[in-house]
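Note that chain A is present in both complexes that follow, paired respectively with chain B and with chain C.
Then we have the complex of A and B:
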């Protein structure tokens, strides 16, 4: 069989080629700049982090000096000082998370419920509650430091107590928690406010006709309706506080027992800033912490997962309504 | 009877009003105390510390004056100098410059993902979304080395560059672009408009609220950042610091009473630009948090 190419075929083929090159050029023009940045500043560090965690650094340069396999990871578990410091800091972080995450969701939920009743001036109150979170942590933290100062702080003088708020482990953690709530719950609060705004009001009327009280309505209408917002809050708050750092840096730098005041991210920062040049360890710690975050997040996801999709809430609501 | 029923109907609202008022006051108390304190003579903090409001004769501009006069290194004064103009300038460059740069490339990328047709387009986009689940802490250490290798260590570029690879902005802007009716784009194509023209004349005006929201949060995030700043510019000369990081050092140095006014003044200075942004774009910010789930 002899292949023949007519002039028309040849022309369309060439046209096609030209078109393709043209198209690739346009895609490259629009996607290229971001693509390069994404590769250089996102993908490359991720891959390089794995390489770093498998290498040792001799401190004379920023480049890895030797491939050491999983040495950094085994040292994280076996080296007495390294293992103690790191796992203690992970435990300290998780312990704080267990307390602060429920508080950072329940308190904003309560406030959002009050806002959803639309009392006079609710928009103004909403902005006030969100306001502290927009400022630099260093600025708001500095104000707290001065306000709760041991010797001449306003709080100690006003309530006529003398508590060294930042000088003891327990009170320092209390202050960190207070700081996290003061400056950190605004986001959850706004998200939950928006969720409550969108609850179907006709359901409430239907429930009222059936003689439901307020508590029933809350648990069977409001809560199921804002479940997506509660999920967002749970995940972002949890991940946010697993990365707790800035609050500790500004408030707890002068607390005597530093080993009790260092979160996991704090240890990683120390490793990167300090003179030890433990970049390999820092990368390994980062990977360990990242994996812990992923595992806990997946557990949360499985535990809170919807087992049936679709109209589950309505079905449940109707079943509940019928049962009354 | 009638009066009682009015109260009964509105009792919930009344309680809500009172509780919200108290909570709002509580949230604002430290900020107001800090702002008042920045105008308060340091001796008044000692003699009058139980008073929320400073006494009249303690009013002073000393804190601000000192902050703006100790801008250069003086022999024998130790670390007690703060190049506040440099810090303000650096923070503005990082927050404004970085955000604008990111908005441009992210909007271009979002345009490509919505309106251009190429192989594996959606697969690439899903891959991008997938990477958002990777905890950022994994790349902290390698990113620092990455910046060193590129020569961005101890420079403001090292603060801007990592934000340019961010995925969330592209995702957010794409979600807005998807809602633009495709007929508009098709018609413009029929009329022979180029992609650049379509981008600037149709897509950008219709999707600008997405860019605005992303821009606001990008600006606030960059202005407030301390953790990454500490790694990149913490060892750099003072004049390359950002304001948020400089504040940390002012706070460390302010153990002595004489500098409490100065410390509070510097905190207020760092809060003013953010406060202006908040007052101007408050509804957009609140709407943005509500719709997108970004918090800071």
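Then we have the complex of A and C:
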């Protein structure tokens, strides 16, 4: 039997189809550039990295020469030199992160709190605090190298001390930390300043009426209010410093005990020097490091997750009411 | 279904890229059995008409300016026939640029590369460059390999094929304050023992407040007026440090070589620097800063400058040191400095220069005592060029640079790789040769790292060992144990890659 379509049905269908095309076009127009970049610079390298980690390289080409399965990963755990160097560098990086991440949040938070009080000239100070972050890492590093030079640096001369800041492991790490704080503080500072600006002022007024002191206000109003900003800072800073490389390259290239000075990314970078034979291991290391970062980030997420009261508070209240 | 399709798409994309591998890495084929696109005149000579060549050079700054002058002269000489357009890249940029170009953008690859000769093996393994000999034969330009410094030629030779033409060699050199030496009746040292004697004597004179020095300093002294060195702290005549590039690039290796050590093993596979000879050489350097009762020097020749670099510059200028290490390309600047500051009293005649041959050798009668660890530049032919005319034109250019730029290039601290150039009258009659170039030695004195696939590892682990040996924090560890540890790590990585 021949099926007939009414004009209205036909027009509705056509309109519907046209709308869909338009919608798809708009979505494509807005998301297309990002989608292409995302595929090109994230999905493709990720997939290629995974493939690299499952292959060996012949040393003459940047492309894999043979599929080796999980051999590269196995060697990361079983080859004495590879396992020793890589896992040590991961531990060195995590150790550094444990110190630098809290400092990179607490110091900008302190400064942001001071700036939020809007003292005279606070705009000037705000710019000054952010300023080191906009200078190139290399330039700042070279300035630090000169300032803290063992024999001719003015820091040693000014304080009349004789410390080889870049020649010993502990002092070199101290300098790396200083360098990271100096250059990286501005970003977190701006985020936290913005967070503090948006804290509801009426809460402070209400708290004052209730007799809260400044410390109570900070812990019970300010901190909860800027929690989202603190989490952003925590995650970006943590991930940023897990990928520590440039600072070490600039300041610690001449530190004699290099095994104590190499971050995980530095070790990965080492595998890329010379020829391509190390590319498979480097890719495997990169994936392991990525997984470690994800695991730690998830742990952070779970630990810092906002605990919603749900019906817990209601139940408590009802129980209390009942008891009376 | 969709997921499957996406996965297949991604896999296909990756595999297609991997497939490019086969074409990307293939050496361009040039048929040498016939003349290809070559045009010859009635006498059988190759006719070059407007052949354009692209050259990437690792030189920058003043070196680049001098090289430009030399290339301009070549372009004028071969006007209408061959024209070379040079682009300068820093040593930090050129490697990644070349790798990217050779893998992804071969159409924009240069025809020639002027880079360190030690890179030739790596490039040859990647099939980025040609064995140059057949093209010299084709263009009938003589490439007399006997005339080149053997070590420099070896560095570009792999399995009998020559992957470039060595152009020059360079190393670190010593500068010395002639005025301070003369004023204190000290002589210019010619070997390690004389050097130690001069430094020890200077230190003792200073301890007794009898060492005459001069030089501008922060306490207001001018450059000309003589004064007695302070005995408030130990006078060390020859500052070095483990953070100094001169030390970890050249001086350390030279200490090993001059005492019989070698850089790589005879098979050019593993490092050769873990040996008693190298230990002896590096002991000389350790004693330089931390002398013991058994050292040749009684006093330290240098303070412990730790990780600082360019540590000789300031003391040398203000008279707190008599010697310093310097790159020969900077000597002209130092001459100008002294011409300015001591203009009223001899100017640059107050300083002189010497190569570091025998300066670290415990036995200077040995044939290796005068050897110097150096580095050389070479011109290499990129394998993307398939036109025989261009390839033959490249040999004309290479020959010109090797044989016709000797003295100008030597003034920038680059000794010619060609022995006949270094011995030619043009070269030796130049006033600058007599003034300082002659002291930098002959090309045959220079030793570069032989061709090895694992150059980076062999080099990096030696530097690591050297830095530890000279660091105060590792003072109590024996040189042997440090070298052994670094050697074993280096071998472990090489075996991993093998």
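Simple rule for what comes next: the second predicted complex is superposed on the first by the 265 of 324 C-alpha atoms of A that agree within 3 Å, B and C clash if a C-alpha of one lies under 4 Å from a C-alpha of the other, contacts with A are read in each partner's own complex, and residues count from 1 in each chain.
FYI, a residue touches a chain if its C-beta (ideal position, glycine included) is under 8 Å from a C-beta of that chain, and two chains touch if they have at least 3 such contacts.
Because the structure is a prediction, the values reported are computed rather than measured.
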Combined model on chain A where chain B meets chain C, clash or fit: clash
Touched partner set for A:27, first chain B, second chain C, both or neither: first
Superposition-derived comparison: chain B or chain C, residues of chain A touched: B
Touching partner for A:258 - first (chain B), second (chain C), both, neither: second
Chain B versus chain C as contact partner of A:44, first or second or both or neither: both
Touched partner set for A:87, first chain B, second chain C, both or neither: neither
First (chain B), second (chain C), both or neither touched by A:273: both
First, second, both or neither for A:79, with chain B first and chain C second: second
Touched partner set for A:136, first chain B, second chain C, both or neither: first
Partner chain in contact with A:188 - chain B first, chain C second, else both or neither: first
Contacts of A:60 with chain B and chain C, given as first, second, both or neither: second
Listed stretches 8-16, 44-52 or 98-106 of chain C, narrowed to the one that overlaps chain B: 98-106
Footprint overlap on chain A, where chain B in one structure and chain C in the other make contact: 43-44, 48, 62-63, 152, 273
Interfacial residue positions of chain C with respect to chain A in the complex: 10, 13-14, 17-18, 20-21, 24-25, 99, 103, 122, 125-127, 242-243, 303, 305-309, 311, 314, 453-457, 460, 464, 467-468, 470-474, 489, 492-493, 496-497
Parts of chain A lying in touch with chain B, wherever the complex brings them together: 23-24, 26-27, 29-31, 33-35, 37-46, 48-49, 52, 62-63, 111, 114-115, 117-122, 124-147, 152-154, 156-158, 160, 182, 184, 186-188, 190-191, 193-194, 232, 236, 239-240, 242-243, 245-246, 249-250, 253, 265, 268-269, 271-273, 279, 282-283, 285-287, 289-290, 293-294
Chain A-facing residues of chain B, complex: 12-14, 16-17, 19-21, 23-24, 27-28, 30-31, 33-34, 37, 45-46, 49-50, 52, 104-106, 108-109, 111-113, 116-118, 128, 131, 133-146, 148-149, 161-162, 164-167, 170, 195, 199, 220, 223-224, 226-227, 230-231, 234-235, 243-245, 247-248, 250-252, 254, 257, 260, 263-264, 266-268, 270-271, 274-275, 277-278, 282, 285-286, 289-291, 293-296
Complex contact set, residues of chain A against chain C: 43-44, 47-48, 51, 59-65, 75, 79-82, 149-152, 164, 166-169, 254-258, 273-275, 277-278, 281
